[in-house]
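Each in C-alpha cells, the structures are laid out below.
Common to both upcoming complexes is chain A, partnered first by chain B, then by chain C.
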Partner chain A sequence: MSNAHPIPFRAILRHVLLIAGAAVMLAPFIWMISTASKPQTEIFSSELHLIPYRFALAENLREAFAKANLLRFLLNGIIVTVSIFVLQVMVALPAAYALAKLRFFGRETLFALVLFGILIPPQATAVPVFLLLHKAGLLDSYAALVLPFTISVFGIFLMRQFFKTVPDDLVDAARMDGISEFGIVWRVMLPAAIPAVTAFGIFSVVAHWNDYFWPLIVLNSEHLRTPPLAVAHFRNSEAGTSYGPLMAAAMVIIAPLVIAFLFAQRRFIEGITLTGIK
Partner chain B sequence: MTIGATVAPAGATRRAVPAHGSRRTYAAYALVTPAAALMVIMLLGPLAGVIALSFSDYQLGAPHFSWIGLANYQDLFADKVFWTALRNTLTYVVIVVPGAVIAGLAIALLIQSGTSLRSLYRTIYFLPVMATLIAMAVVWEFMLHPQFGLVNGLLRGAGLPAFAWLQDRSTALYALCAIGIWQAVGFNMVLFLAGLVSIPKQLYEAAEIDGASSGWARFRLVTWPMLGPVTTFVVVISGIRSFQVFDTVHVLTKGGPSKSTEVLIHTMYTEGFEFFRSGYAAAITVVFLVFVLALTLIKSRLADRGVHYT
Partner chain C sequence: MAQIELSAIRKSFDGNDVLKGIDFRIADGEFISLVGPSGCGKSTLLRIIAGLEPQNSGEVHIDGRPVDGIRPSARNLAMVFQSYALYPHLSTFDNIAVPLRMRRLSAIERLPLLGALLPGRRAKERHIRADIEGIAEQLDIAPLLRRKPGQLSGGQRQRVAVGRAMVREPLAFLFDEPLSNLDAKLRVHMRAELAELHRRLKATFVYVTHDQAEAMTMSSRIAVMMGGELIQAGTPAEIYHEPGDIRVAEFIGSPKINVLPGRIRKDGGVDVPGTALKLTCNAAAGDCRIGVRPERIELGTGPFSGTVIHLENLGAEAFVHLAVEGTGSRLIARLADVRHLPAMASSVAFGFAPDAVRLFDPAGKRIELRLEQAERIREPAHV
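Let's turn to the complex of A and B:
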C-alpha cells in the first residue's frame, strides 16, 4: 500500500475481491442461461464455452414446455402461494390485533404459545400433520398444500409487534365512529400495517414458492405439482440426457421471483431477512 | 370527603368498563379463535403428536398399533444409518456454518468499506437466497458433471485433477456443503450489513485517535466487538438452517453414494414417507428437534437481551 495513493488502491482491491466473489455467486445463473441457450451437441462437448455458437434458447424452451406442463406448474405455484398468504393474513391479523390492543383472559398464555410456536421447525410436525391430512382424506390436493400453513405464528408475532406501535387514539377514534372490533382490524389496522404486511407477504410467498419438502410429501398427482417439484421431476425423468431443456425449465421456474426481486430488491431483502427474527 | 370524591368516579368507571369491556372481550375471543384453533390443530397438537408417536409402532395403513415405550429409540440408536446420518448432518453444519458466516462477514465488510456499487453487489450476493434452491441444485448438478461440467472443465484447464463430485462418496457431502454455503452467504451478509451500519462512527474516530491506524486494528478494536451479538445470532440461525438440510440431498444424491450424504431429515423423510414407519420417523424427528431447540434456546436467550438485527 503506497501512501501517495491509498484510496484508489484500496478501492480497486475492494472491487477486485467483490467481483471475484460475485463471479462465483453468479456462475450457476450464468451457466444455466448459457446451457439453456446451447444445442445438445454443444452441451455435450468437453470444450468449455460460455456463448453458444448456435443459439438454441427458443428450442430448449419449447422442448421444456412440451415435456412438462410448466404453465400449469407455475399456475399451481401462484394458486398455492397466494392462497397461503391470503389465509395467513385473514387468520393472523385479527389475532394480532386482539393480542396487541384488547384485554382478555388468557392473552399472555396465547402470546406465550405464539412465541413457543415460532421455535418449532416445519419438519418437526410433518409426520402428524401428514397423518391428519390422510385421515381427513385431503392428501394430494391443494388443501393439503395450503391448510397446514394457514396458521403463521410468526405472522401473528410480527403483526402484533407492529400493532403495538399503532397509537391507541386511532383505535379509540374508530370506536367512537361506531366501527366494530372486526371493522377496526380491516379498516383501521390493515391500512396502517401495509408495510409490515408487504414484508410478511414477500417472506411468505418466497418461502412457499421455493418449498420442496412439503409438496413432495403430500402430492402424487402430476397436475398439482408446484414449481420446485416440477423441476425435480423433470430432472429425474430426463436422467442426464437433455440438459438444455432442463436448464430452460429451471430458468422459467426461478424467473418470477428473481425478476420481482430485481425490481424491488430493497423490499425483498427486508422481507426475507425477517426470518432473522424467526 | 376526599375518600368519597375519589371513590365515586372510580365506581363510575368500574361500571362503565365492564359494559364496554365484556363486549370487547367477546370480540377478542372471536378474533383469536381461528388462530388459536389452527395453532392447536396444525402446530401444538402435531408437536405433542410427534412425541407420542415416537413411543408407538404406528405405521400408516397398518390395522392396529401399540405403545412400545422406548423401542423406537433403541432401534434408532442401534441403527448404523442413523449414526451415519447424524455424523453427516453434524459435518454439514460444522462446514457450512463457519463457511457461510465468515464469507458473509467478509463480503459485508468489503461492501461497506467503500461507497460505490454497494447496492449492485448486495443484489448479486443475495440472488442465491431468492432463487428456488431445487432449480439451482439441478444447475449445480450439471456444473459438477464429471465430464461436461464447468467445475471440472476449469480444473482441467488449470491442470488440476477432476472429480466425480456427487457420485464419489469421498466428495459428495463436501459438494453439498459448497452449495449450502453458496446459498446462505447472501442472507448472512445482509444481517452483517445491518449490524455494521448500526456501529456508531465516533467509535472509529476514537479508535483512530488512540492510534488504531490500520484497517485490521480498527476491525479488531471496534468492528468485531461491536458485531459480537450479530455474529452469535447469525451463527445460530445458520446452524438451525443447516440442520434442516434436505432439498439438495433429496434431489441430487438421495443420501448416497453409499449413505455418504445421508442426513437426519432425509432419513426421517425416507422412514416416514417412503416406508410409512411413522413411529420410527417420529423418533428421528424428536432427535432432530432436540438439536434444533437447543440452538433455538441460545438464540431466544439473545433475543431476550434485545438483540434484533434485521
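Let's turn to the complex of A and C:
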C-alpha cells in the first residue's frame, strides 16, 4: 500500500483540472439558460445572479416564437444539414473506396490532393464560390446552402482511413459473389463503416447546423434562414436587443443537437475515439 | 466440373517478378494442392485463376475457353479465403444467400424495400431458402443460420465460408489456406471433411496451402511452387518418393530429408566422404548431394557411424538426431520401434539401402541412379 498515495493525489489533481475546464466550457451555456429564464428587468440589473427571482422562461419562449418563425428555421436547419450529409456520404464513400482499395495510376497523388484540401479553410474559397453561385443564379436558395459542402475532403479522408482497415479478402469475396464495385461500396463497405459514418455525420451535422458565416453571405430571404441566423435576427431588431427572447431562441436551436447527443452519446464517443480527434 | 489450363502465366508487382511463367493443367474433378514456402506466389496464382488479379502475360482457360478479362463472378468459380471473409453485418443465412441473390434476383428485386413488393421475388426467395437449408444440412450449420459471423467459432465460420462457396454450384473451388486459422485438432478434422466434400461433389478443387500434411493427405495431385516457378507436379507419392529437385525433397516430408555431401567419381560411382556407395550414375564427375529420408536410415549396422545428439520420442515413433563422424553433418533417423532407442551421446553405426538414395547435382536437379546388380538382389535382406 506504500505506492497507493501518489495515485489518489494525481487522480484528484486530474479531476480538479477537468472540472475547471468543464466549468469554463459550461459557463456560457449556463448563462444562456439563466438569461433565457429572466425577465427583461433582471437581465439588465447590475447584480449578478444565476437563478432568476421570477422565472420568465415561458414568456421569453413565447415571445421568441412570436417574433420569428422559429419552427421554420429549425426545419430549414434540418433540410440543409441532412441534405449536406447525405450528399457528402454519396460522394465520400465511393471516393474513399477508390482511394483505399482500388489500384490505379495517380492514386497517391490524388490522396495527397485530398490531404491538401483539408488544409484550405472554407473562408478562403468563399468569394470564388459565391461568384460561382451568383453566375449560376443559385444565390439565396437551399442549393446555395448545400452545394458548396457536398464534397467533404475531410469525409473522404476519414472514410479512406477506415476502409483501409477493412480486409481486402472481404472485397474480393464480394467480387467473387458478383457484387459490382458500386455495390461493394454500399452493401459491403458502408455496413462495415457505420461507426465511421456516424462519427463523420456528427461532425458534419454539428458544423453545418451551427454555421453562421456561409448562410449569412448567401441568404437574403427570411424564409430560408438557418437557426444561427434566426438568433442573430433578435439582435438586429430595431427596438434594441431583447436578450431574454434571444437566449430562449438560442436554447431552442441548440436543443435538437443536445437531444441528439444524449441519444447517440455512446456512438459519439466511439466515433471520437475512432477518429482520434479531440 | 471444369478443367483449368494455365499457360505461361507471368506476374510482377512493381517490377518484382512474382510468377515466372507457370504452365499447368488441372484436370476435371481433380483435387490439386499448390504448396510452397511463404511468398512463392501461390495466392497470386490462385487469384489470377479467380480473376481477382490480372496477369501480365499468359492465358487462363477454363473448360477450353479463355477467361482473361472476364469478371471473377462470371468465371463461375468459388473461393474460400484464409480469413473466411464473411460479411460481418449479415447473418449466416444472408451470407450464404449473397451469391444466389446476386445471380437470381434482378437489380430492382434486390432493392431493400421496393424489391420485396415485386411479384417474382417471393418465389425466388423461397428457392434460395430451400437451397441454403439443403447446404446447411450437409455442412451441419443449420442451427447457426440466424447468427452473425462474430458469434461463430473459427471452425463454424470456415463451414459457412464453404457453404457460401458450395451454394452457387461453381465449376471449381479455390481454397486459399482455409484451415490455417484453426487449431491443430480441428484442422485434422476439417481435412477429412474437405476430402469427403470433394469426393461427394466431384468438383475441381484447387487448394493452396503451405502445410504439406494437408497437401499429402487430401490431394490427388500436388504442385510444388518455389520462387514463382512451378517445379514439380505429381501424386503425393511421386512428390514424396521421386522428387525432381532437392527443394521439393526438402520441402515435402517431416522431418526434412537428410542431405549428405557426396562426390561422383570419374567412373560414375558415388562416394560419401570416406565410403563408396554401391551405386553408379551417368552424371559427370564432381560434387553432388545425397538425400535419404529419415525412415530409410537404418541404425545398428552399416558403414557409417554417428553420435546421438538428440532424441525425440513421440510415443508411436522416435527421431534420433545424429552427428555423422568424419563429415560434421547432421541427420535424423526415424525409428518405428521406440522400445530400443540408442542412449544419448552413444556412438551408433548406421547405413541405408542404395535404393533409398536420391542423388542431386549441385544445382539441385535430380540425378538418375543405376543400382548395382548385386545390391538389388541383397535388398530384401534389409527389409
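Quick note on the criterion: the second predicted complex is superposed on the first by the 229 of 278 C-alpha atoms of A that agree within 3 Å, B and C clash if a C-alpha of one lies under 4 Å from a C-alpha of the other, contacts with A are read in each partner's own complex, and residues count from 1 in each chain.
The rule is short, and it goes like this: a contact is a pair of C-beta atoms (placed from the backbone, for glycine too) under 8 Å apart; a residue touches a chain by one contact, two chains touch by 3 or more.
Values in this document were obtained by computation on a predicted structure and should not be read as measured data.
Enquirer: Compare chain B and chain C by how many residues of chain A each one touches, and report the one with more.
Expert: Comparing touch counts on chain A for chain B and chain C gives B.
Enquirer: Report for A:10: first if it touches chain B alone, second if chain C alone, otherwise both or neither.
Expert: first
Enquirer: By the touch definition at the top of the document, which applies to A:28: first (chain B), second (chain C), both, or neither?
Expert: first
Enquirer: Classify the contacts of A:86 with the two partner chains as first (chain B alone), second (chain C alone), both, or neither.
Expert: After superposing on A, A:86 lies clear of both chain B and chain C.
Enquirer: Quick one: classify A:170 as touching chain B (first), chain C (second), both or neither.
Expert: Once the two structures are laid over each other on A, A:170 reaches chain C alone.
Enquirer: For A:131, decide between first (touching chain B), second (touching chain C), both and neither.
Expert: first
Enquirer: Would you sort A:120 into first (chain B), second (chain C), both or neither based on which partner it touches?
Expert: After superposition on chain A, A:120 lies in contact with chain B alone.
Enquirer: Counting only touches as set out at the top, which of chain B and chain C does A:104 meet: first, second, both, neither?
Expert: first
Enquirer: What is the shared patch of chain A, the residues that chain B and chain C both contact?
Expert: Shared contact residues on chain A: none.
Enquirer: Enumerate the contact residues on chain B facing chain A in the complex.
Expert: 21, 24-25, 27-32, 34-36, 38-39, 41-47, 49-50, 53, 58, 60, 103, 107, 110-111, 113-114, 116-117, 119, 121-136, 138-143, 145, 147-148, 150, 153-154, 157, 182, 185-187, 190-191, 194, 233, 237, 240, 244, 246-247, 250-251, 265, 268-269, 272-273, 278, 281-282, 285, 288-289, 292-293, 296, 300, 303, 308-310
Enquirer: In their complex, what parts of chain A are in touch with chain B?
Expert: Contacts found on chain A: 10-11, 14-15, 17-18, 21-22, 24-29, 31-32, 35, 43-46, 48, 90-92, 94-95, 97-99, 102-105, 107, 110, 113-115, 117, 119-121, 123-132, 134, 147-148, 150-151, 153, 156, 180-182, 185, 206, 209-210, 212-213, 216-217, 227-229, 231-232, 235, 240, 243, 246-247, 249-250, 253-254, 257-258, 261-262, 265-266, 268-270, 272-277.
Enquirer: What does chain A use to touch chain C in their complex?
Expert: 167, 169-170, 172-179, 188, 191-192, 194
Enquirer: Using the touch rule from the top, collect the residues of chain C that touch chain A in their complex.
Expert: Counting only chain C, the residues touching chain A are 47, 50, 52, 71-74, 77-79, 81-89, 98-99, 102-103, 164.
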